[in-house]
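Letters A, B, C, D and E mark the chains in the order given here, with residues in each chain numbered from 1 onward.
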């Protein structure tokens, strides 16, 4: 693992505040995930890939922006690993690297689907850069 | 005044290389009480011990100090030596001048000086030593088994066969426990009832065994060899001696709305019932919470139909008091609560069941008479999904952090039995790991895969929901293929974690036995004393100590029985002589000591004392030396210093402090 | 007669302490006690010290002999007899009288060498009580607080201290500190002060106490009196009264293991304690009633019986102030009917 | 106060006459207004000597230990102030007294007065104090004086624990549940905020006055041992005297330690100390530590509660906390 | 303080109370592993840390100890299951009181040392001895009579 990768890995672990080595690779996060088919790297891979320091692969993963932050995986993980937090942490790494070019309120379409949950809109602000 | 001999060991060069042993000998000669001092190459050798024996005889020694290795090494050796020479073994003290001195200090002067100080401390202590005699207590030749499952039955039979009286206390109306609910057993697939019921009958008929079913332990007092136990025999409202088990009442009872616990509430039973056909004792019991007679004062149908006249609505709970020498805890397990796992729809959909429920469905005496049916529509299923580790290996608040150990094997059994009986049913098992350590276990699992085509999929199930076809969709991931699986099925069977039976906490606190964070009873030593609890005279049998399968339970039950027999075989128990003793004239009776005693060894008596001519009745602490393990917690809790510890008395320790600070 | 300005007391104390150790009432942490003088120490003019000055001659604890074991032999070393010259300043008349009581015990043959040495080496400077308090009853024992009988008697009047040597030792001390004193004929002032004090003393609430019936022959009449039970019922059995008392002279001798040998020391004991005069067979006074009775019988009956009728109470009133449950010798005397009023 | 005295005498007389009790444990008048002595009264006519006034600070509960043991028939009536009931409960908890032999009359309390405080204010030769509510009229040999009642309260009353009775059979003259007294830990906190050297100097100064008269111990309701370790020659700690500066500390530390978690903070130790040592500051330190480290606990609040030193939790603070907090 | 006729350099005296089951065994392991610590440390064996009476500690100081350390099983590992929990409360309060009286809190310490922690035992003793040596002679607590 290169130095940078290791540092990133440690940084992610410190951001999430738990030890991803608690993961016992049961796959319940992926099994639970409603957006699994959209993802290239599945949630259950995140814990081991972070531990192994395969951060570059994760940084380029589509998964980061397919995750709905619905927290179903967090709810159901039997090992208190909270995969969504891991994904969020990797995503933060990407966003930090990009600078502060987050989505501005102007970019929000005038007419939003009223069914769209508020949480999803807020999440969108955080997630999608220009 | 003691006549003390000091023996300084060279331990070859281990001590002699850094400690000037001759100087130690010289330095201690002027110490109070010392009338002999000598060094020798190996004190622990035959010759060294003989030297001590000779010196004891020659100099009429009353106390011995050996300056040598750690007392944890050879204290017992030198105590025996002293005993051989005719002095009390507790008149020996060890000054540890090897591990605590010669091995850690390089400077010879420094090490020698320290060795002298350590020797002086030991001498100061011996000066205050008193001969100690291990106490003796009688043993009641009767054992109590708490729990009448296979563990309890097996322990009881083994103890009874060895010739001792045994009582089993079982809180439900029949013995048999969880095993009686099982259909078949792995890995042999023999019928559980076929192997269990003969044992139940044997226990019931054994001349040395008394069964107290529908009973609970009310209180436990006393100590190893001498437990005083109160057992509450709950009112059955049926005269056990008159009831013939004809079951007429059970069929006539009009109150049939309540669930049948034996069938996991998958069907109903009457308010008067016999748990199952082979119940032991085969006697009906009236559930007063459901019985119309108790609720409305009317009905009484059972009374009318009972030809034996066994119904007794006025029966009362009965308290039985009995003395026991040993107690075996065999309280077993229960299925943990799976309702917290709402992703599996257990509470919402009748076709999502636990494995124990499946056992009942598969059993000929079960709610479906042994036919595999969906509980929702009573149709034959086409697909069945098994979900492993529901609540096991789960460190969140919902689950248990441990592996329940038996689920992998019973799921393989279920899968195999279904495929055997209904080859048209597809069986899928979602697993995290398949754990099969055990004789013929892995072979058994492989047979399920290879011969019965059971579909094992690695990956936990994410969620289960009812789909538009009226079937269940299981959403999961095949971790090996790394792909999503959406599987339509008719039934979902959850391998729920097992946990210690409710009520084990109360039992543990009554017995002052400790439990771990999962409520499993703690063993005295995890490897070397696995069937004993830390409380003397209390033994552990079966799942109450940790998850295990039937053969393991039976072997542990046997092991516990052997320990019990070993205890009951003794006429007298020898107790640790280094126990706490209260000074009656100083005791305030304030209860401080009782509160810190981890063994419940202290109680209080009203006793007349003669305090320098003043006679009065006082409340005094009394230590049961058979229970006391000599920790000394009470000696410090006691404000007046009335409580002292033999072998480590206040004065002895203060004398050591004094000697060291000289 | 000599005088010194109150504001110049420190000069006097400086002069005294130049040649010997000076002890005087000093307030420390809120309490007035006899304390060794050091430059800057301030005299406290409160009427009573908590502890009496008996510490001067009979300290609460003193080493008397030590034992050491070397090479199997025991070496006995008696503590040396104190030789320091001391002066104690500010002793009240009652406390001065208490020295006579203590002398009876410690100076009668065989004399206590430690006590004797300290007593002989000490010059007592007494001070008249210009403001006696409600708890004082020295007059009952024939003590006149306006005219203390010590080596030197002093009076504080106005802004001056009046100084009069009464004994040879007193003369000697006066000579030694003459440089800071002024010779003055002030008999008139002092006599007026005495008269004032006498007037106050006459009207003190406890002045009416009567010792009728208390003497060396009263054992039989008093010993089994029913009053003792009521009086002693609330006694806590602490030693506060005995330790503040100027005349209590009982002591215990104990050994202490120093680690290098044994230090034998003598310390005050209290007849109120349940291990007082403990012997191998136990204590001769197992109940608090017996111990309580002992104290007062000793002061008012047994002591007079052995000392020509001298009571071993001087009416200082310390016990009146300090007893935790306010039981005291005045109440005892009254309970037996000893009130003239 | 005369009114309360009247009520107490009337009620005690009734209870003696109807046989409910055979003895009354109260206070007896002395020569002065302030020297009240605890006393037993066995008949209604003896009650004329019963005193109940502003100087009845003494806590009578300890006397019940011996009173319960004597062979006399019938119950003992005891007068307890609200704060005394804590000690009473603690004694019950420790099985030192027998509730069935005792009849408790709780007497309402406005705070008791401290003669030492009056003397410290400079009043000499006090012969009488008239309690006029907020103000005191002080008669002395040297003339009449006045002072505020609040300035003459006993330390324990300044930090009053409240007007609730924690045990009683009946009550007389109940006070409104007014505000609690001053913060009782103020003095402790003051010391805690000093430097180690200042604290050492403070305690050296105070404890060096100790004359080992054992008044603090003998009055203390928690110090009810049959034989105190300091009186017991085999305890290794026996001593009659402070032969050195350590022994007085040893005595007071061990005494405070032995009553830690059992001390009801009744303040008797400080009240009776002939040398005015603020011993309550030692006990309150333990109480403060216990409250802070193991959760609030008031000994004597309820009968049968488990004292903090015979109790624990798995996640108690480590002893190193002492090293981590406070001043150097 | 140790009396040394030749008045060599001052050396601290440290009394260590060790429970029989863990810490005494830990000290034994330090010995078998030859992990040295200063000879100033003298160990007194007690069955359990809950046997250590505050009086023993004060007595040690009175008689001239410069530091007192108590070692027991780690909380949860007590051979008698709960002894060290009581000891923990007792020592915490005692040390706090000593500190309150202005007595160096650094002279007292509690460490949990298991039977497997020979290394830790040695490190703890080295560190404690160093602390005590830096603090110097115990003047605040010593007994006058012992100083003769």
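List of remarks:
We adopt the following convention: a residue touches a chain if its C-beta (ideal position, glycine included) is under 8 Å from a C-beta of that chain, and two chains touch if they have at least 3 such contacts.
Only a predicted model underlies this, so the values are computations on that prediction, with no experimental measurement involved.
Any chain that touches chain B and also touches chain D is listed here: C, E.
Using the average of C-alpha coordinates as each chain's centre, A ends up farthest from chain C. A count of contacting C-beta pairs for B-C and for A-B identifies A-B as the more extensively joined pair.
The most distant chain from chain E, with centres taken as the mean of CA atoms, is A. Chain centres defined as mean CA positions place E nearest to the mean of all protein CA atoms. Here the spacing of chain A and chain B, counted between their Cα centres, is 46 Å. The centroid of the Cα atoms in chain C and the matching centroid in chain D are 30 Å apart.
Centre-to-centre, using mean CA coordinates, chain B is 36 Å away from chain E. Centre-to-centre separation between chain A and chain C, using Cα means, comes to 88 Å. Within chain B, contacts with two or more other chains are made by residues 596, 637, 650, 654, 658, 661-662.
Shared contact sites, meaning residues of chain D that touch two or more other chains, fall at 229, 235-236, 243, 309-311.
Chain contacts: chain E has residues 3, 54-55, 59, 63-64, 82, 86, 90, 143, 145-146 touching two or more partner chains. Residues of chain B touching chain C in their complex: 30, 612-614, 658, 661-662.
Within the complex formed with chain A, the chain B residues making contact are 343, 389, 393-396, 398-399, 432, 458-463, 475-477, 479, 482, 484-485. Note for the complex: chain B touches chain E at residues 70-73, 96, 98-101, 103-107, 110-111, 113-114, 117-118, 121, 514, 534, 578, 596, 598, 629-633, 635-637, 645, 648, 650, 653-654, 656-658, 660-662. Of all the residues in chain C, the ones that touch chain B in their complex are 69, 71-72, 257, 259-260, 282-283, 286-287. Within the complex, the chain A residues that touch chain B are 22, 24-33, 36-37, 42, 44, 72, 76-80.
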